[in-house]
Amino acid sequence: MPALNHIPPEIRCALDYETQAPRFIAAPTLAYIEGGSGHDRSVVANRAAYARWAITPRLLRDVSAGNTGVTLAGMNMAHPLMLGPVAFHNLVHPGGERETVRAAAAMDCPVIASTQSSCTLEQLAQSAGPQRWFQMYLQPQRADTLDLLRRAEAAGYGAIVLTLDAPIQVASLRTLAAQFQLPPQCVPVNLAGYTAAQEPAVAAGASRILQGLMAAAPSWDELRWLVGQTRLPVWAKGVMHADDALALRAAGVAGIIVSNHGGRSLDGAPATLDVLPAIRAALGTDMPIVFDGGIRSGSDVFKALALGADAVAIGRLQLYALAVAGALGVAHMLKLLREELEICMALAGCASIEDIRATALFHQRDHHVNHD
Amino acid sequence: MPALNHIPPEIRCALDYETQAPRFIAAPTLAYIEGGSGHDRSVVANRAAYARWAITPRLLRDVSAGNTGVTLAGMNMAHPLMLGPVAFHNLVHPGGERETVRAAAAMDCPVIASTQSSCTLEQLAQSAGPQRWFQMYLQPQRADTLDLLRRAEAAGYGAIVLTLDAPIQVASLRTLAAQFQLPPQCVPVNLAGYTAAQEPAVAAGASRILQGLMAAAPSWDELRWLVGQTRLPVWAKGVMHADDALALRAAGVAGIIVSNHGGRSLDGAPATLDVLPAIRAALGTDMPIVFDGGIRSGSDVFKALALGADAVAIGRLQLYALAVAGALGVAHMLKLLREELEICMALAGCASIEDIRATALFHQRDHHVNHD
Amino acid sequence: MPALNHIPPEIRCALDYETQAPRFIAAPTLAYIEGGSGHDRSVVANRAAYARWAITPRLLRDVSAGNTGVTLAGMNMAHPLMLGPVAFHNLVHPGGERETVRAAAAMDCPVIASTQSSCTLEQLAQSAGPQRWFQMYLQPQRADTLDLLRRAEAAGYGAIVLTLDAPIQVASLRTLAAQFQLPPQCVPVNLAGYTAAQEPAVAAGASRILQGLMAAAPSWDELRWLVGQTRLPVWAKGVMHADDALALRAAGVAGIIVSNHGGRSLDGAPATLDVLPAIRAALGTDMPIVFDGGIRSGSDVFKALALGADAVAIGRLQLYALAVAGALGVAHMLKLLREELEICMALAGCASIEDIRATALFHQRDHHVNHD
Amino acid sequence: MPALNHIPPEIRCALDYETQAPRFIAAPTLAYIEGGSGHDRSVVANRAAYARWAITPRLLRDVSAGNTGVTLAGMNMAHPLMLGPVAFHNLVHPGGERETVRAAAAMDCPVIASTQSSCTLEQLAQSAGPQRWFQMYLQPQRADTLDLLRRAEAAGYGAIVLTLDAPIQVASLRTLAAQFQLPPQCVPVNLAGYTAAQEPAVAAGASRILQGLMAAAPSWDELRWLVGQTRLPVWAKGVMHADDALALRAAGVAGIIVSNHGGRSLDGAPATLDVLPAIRAALGTDMPIVFDGGIRSGSDVFKALALGADAVAIGRLQLYALAVAGALGVAHMLKLLREELEICMALAGCASIEDIRATALFHQRDHHVNHD
């Protein structure tokens, strides 16, 4: 069904955009979007982790001067929500990314544009609000990487997000079973003219994975090189271990995005929410963390913030909302998420995002009482 | 089906009133009563928490002089059961609250009358027994709050219960899906003539939640003001954190009610049973605690008492019993709960409510043995 | 279906007697036998507890001189299995207890005859083997208790088992729903002529439970009196707490039976296997413990022995086997249980019952590894 | 359905060979292969244990010079996969073991030939690659054991694997229910002419298990005797406890195989993955460990290596692959497993098998955060 030009009455919370999506997205495409990698274990894990935590209501706190504003590496945000990089929005709506980012701009929501967008980064920038970052992969040729970087700078993107966690991507088995194929209009127009990644021929006895696909994987040297090529802050996306976070900070990245690529990279990676506390503990408070993975409600956002995130990135939910009602749907989804977050803040007595600490949560195993 | 004038044979334990309720309550109304907030996670959590604990049988203890009496802030109670405040009993029975409180009086069960009753607090007082408290919200106008307070004093209510945990209420998604609407006869007659709460207009860019709904939320100043306006003891309802309990005691409240509003306020709040031990530990023994949340059996009551409650308040179960058999049903439900509690006491060797300690319980994870 | 006079091919392990029982026992009767108390929570808990433990295989140990013999308070047993007291075997087989105990004698299995048998204790003794104990309740009249005791002594019972855990019995809700009624042939012929327990009239305002049913409950004084009246060892059945076990030892009992009455007394009591380790730890090694609760296989027996039991009592399984194939079924069930136990012993490298220690088990949470 | 001569499109990962197996293997035979012992509890446990661990993705590590090579007690292996001993491959493919080992040789995968093969060990050796071990049981007659040993030496097997964990085997109840019978072509041709194991007659009152079946069980003396009879390294298969591992090392075995016989020996034994860490911790690093039990994917392999294994043995999966597509299927299954392992290595940043440590895993309970 094509996207509506109104919000259907079945949408009562942000999660409902996922519930309604099957009416608007063809089954194989939906399998591709919903799927992760392999058996989708990390997709499931990301979602399940939120249920381990409850939010403790607090009483009589004055939150009437409160707000959801955060400052993220110098960027003043009206709320801690971002749209994360998701490829090919034209899979679910002919308007593609331009539709999405118009909605984001209207809701004061920064966007992280994907290299794999269905319009160019320059076109996307024209529709987007001023708070836009550009997500990229290191290209096979350094010249191409530099060109992409310069174009992003020229188009006014405020930060570079380097995705590090997907040197190999294994399709979801259910996506394969659904026989999904990228339709012809889904081409990475941003990369037109660049040298495409090619699976290198490997010597006899060598590994198609280790000597093949991984030969082109980014390295610490390349990361440092990229950081040195631009005055824009560089963020690293895909961090799942505290030691990597520390090393990335030492290498000059401006911030990290805790992510397992929405479960689309290593099937069986931990839930992002589960690794977040240790990463925050290692970094202390002077390094910004954006978080993604399974966010579907304001209480999910609240929990991620409580466990150490400064902001969260919305992934699949933007496609679902786009499919249901275009830009209107995306804007409404963001409004719902923000209000759901505000309700959690109000009832947990947090007047600001800073007030949202781990102490605001209750671990579902903390109920034990010592026998007297 | 209208309420019976006898107890149906299917009712064999207090919980059976819930099991039979669907035969007596229309589906949308039942969805409204059963529902909590959002995804009903705290409704489920409240109920699930009891299963984490077992009750250890004890042998050969003489309980034949025992009884279930408790003294709660000076009120001598025949048993530790109260009827908690529940709005609009006429939703399920034309006799409404008067039917309910007549049954409670017959069973020596104190009631906490809801401000949102379908008869006035004065009418309700005429049907109720001598042990009655009045639950209220702070009204938009202090004069109205004072008027309500004076009326409650005049009508002989013995305590004021100030509900603090629901400055915002979010409907249950299943209630919304059932398209429940409050019927016209459900109007808060107690508040006739008072200034109604109005969602304030908020400035552009301000939050409908934080600057809107929460602007009218009660504050510590208002709580202290209310405590100073009456010689009645003031209880605070909705406490879920030990620090709030301590602050409330310091502010002069006479007792607290550990509650998450039956899961109808913050969806995702912890189970009340899970937070009870820490609250009791913080308060020590010199502050009374009433507890609610998911009580459906005498063993639930026993567990709440063991983990720190002095008495428990029954919520939805009173509506179910009222729907099934009117006042007779409510009386019978209370009789069953009390007997179920007495059986637990008898078999756990507790001759008095005081004897019911945490040591009477067995945590389902305590079975581990150290290998020798 | 009447009992077969052969073992049906579907019986491949002891548990299969339970699986096949519905073909041989009418549904209401089966509900009565299977049911516990209330919601049958302790019935379920008893069974579920075994799954928390695995048995660690051990290698190359010589068990070829091994055996399952145990000495229990001076009684030499060929194996650690006993038949626990179960009322009215004629519910499932016209031969009743005489059929059951003939099988037990053939399998060298001591029996604990129930007071509530469908033949007299004297008749039962004639069919039973030499290892027989008599289970009794304290009677309303001491003279009757003494008479019962003297009859048991005269009939050659070797020990008295005093059941302490069921001063009140609450029917299982599913038994009630099945509308089970004891058939007329099920009368406690042992108690003919004795004063029956009567629910005492209670004063107005007094509790039917605490002042009524519990007024007749046994006391420490009565226990000590009974111990003083007989030269037979007195065992206490229904122990679920270490402190009770210690007090019973101090009061002169010869041994204890850890039991929650098969889940038929306090609904919500812990699993017997869960409380066993703490009771054994409190008693040390010089007090014998018989254990019951949910035993359906030789590995269940092994686990109970490992966690502190000296022997185990079989409950419902004897009725199932009796219903399927009479004495032959009971004998076969005992043979299967013993062989299943022997297989566990052989593979865990335990040549004797004494070798079965807690170290032979592996707790399902013990898999954690410290990160290096 | 007979085996295909191509890989069907439904096979997208190693586990799919299990999923597709029911199309190629008759139901009773499949029940026999899938089943373990008794209620198949250890079969289920083996598989379930992997889900307790996640694999932590790591970033920017150079693995392009990496490989999966391991040296196992002097044998250089291209990857840490072996084919474990599985009886009677001709159950699922007329080509039997020769088909399987041809595939293994093509994939540089060592095989452990089962004594209970459908061709002789000499025939099997002719089809197998150079890396082949021989699995055997101690025979009732030492002369026969020696003969078997000498034949294995003569046929060029590089190690002897002595299976210790199955002195008794109890059929799976579901295999029994499926009425599976070994077909006539499944005879242990290796043992032709040897004295068969016979269940010894036992004295009256003696145990068919302990004095019967276990009389023939191997002992420490026989193990040491065997070790002394051959210059080949002797491995012990079926180790589940650290103390046994230490004693085996002291007795001169070259390495151990942590195994519970695929759940076919003691029903209720722990998952092999659960006991592995303690065994590795006890042995330190100077004793090789091969691991089996439920391996169905490269991530399973990764987890076993991380928790202490040096290599893993594939069991049932080789029969499934053989049934689906003969030697081609087995080769493809091994290729998939290896690539799946390489992908885990690449994304976890492990360039070598040595790099795969417990720190690469994330325990699903490690998410707890201390409240600040």
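To keep things simple, chains are lettered A, B, C and D as they appear, and every chain counts its residues starting from 1.
Here is the rule we go by: a residue touches a chain if its C-beta (ideal position, glycine included) is under 8 Å from a C-beta of that chain, and two chains touch if they have at least 3 such contacts.
Heads up on the chains, UniProt names are A, B, C, D = Alpha-hydroxy-acid oxidizing protein.
Quantities reported herein were computed from a predicted structural model and do not represent experimental measurements.
Under the contact definition stated at the top, no chain borders both chain B and chain C. These two copies of the sequence, chain A and chain D, are related by a rotation of 90 degrees on CA atoms, to the nearest 5.
Separating the centre of chain A from that of chain B, both taken as means of CA atoms, is a distance of 42 Å. Averaging Cα coordinates per chain places chain A and chain C 59 Å apart. With chains as nodes and touching pairs as edges, the resulting graph is a single ring in which every chain has exactly two contacts. Listed in rising order, the residues of chain A touching chain D in the complex are 38, 41-42, 45, 49, 52, 164-165, 167-168, 170, 173, 176, 205, 207-211, 213-215, 217-220, 223, 236, 238-241, 244, 247-248, 260, 265-271, 273-275, 277, 281, 307, 357-359, 363, 365. For chain C in complex with chain D, the touching residues are 12-13, 51, 54-60, 62-68, 78, 299, 339, 342-348, 351, 362, 364, 366-369, 371-372.
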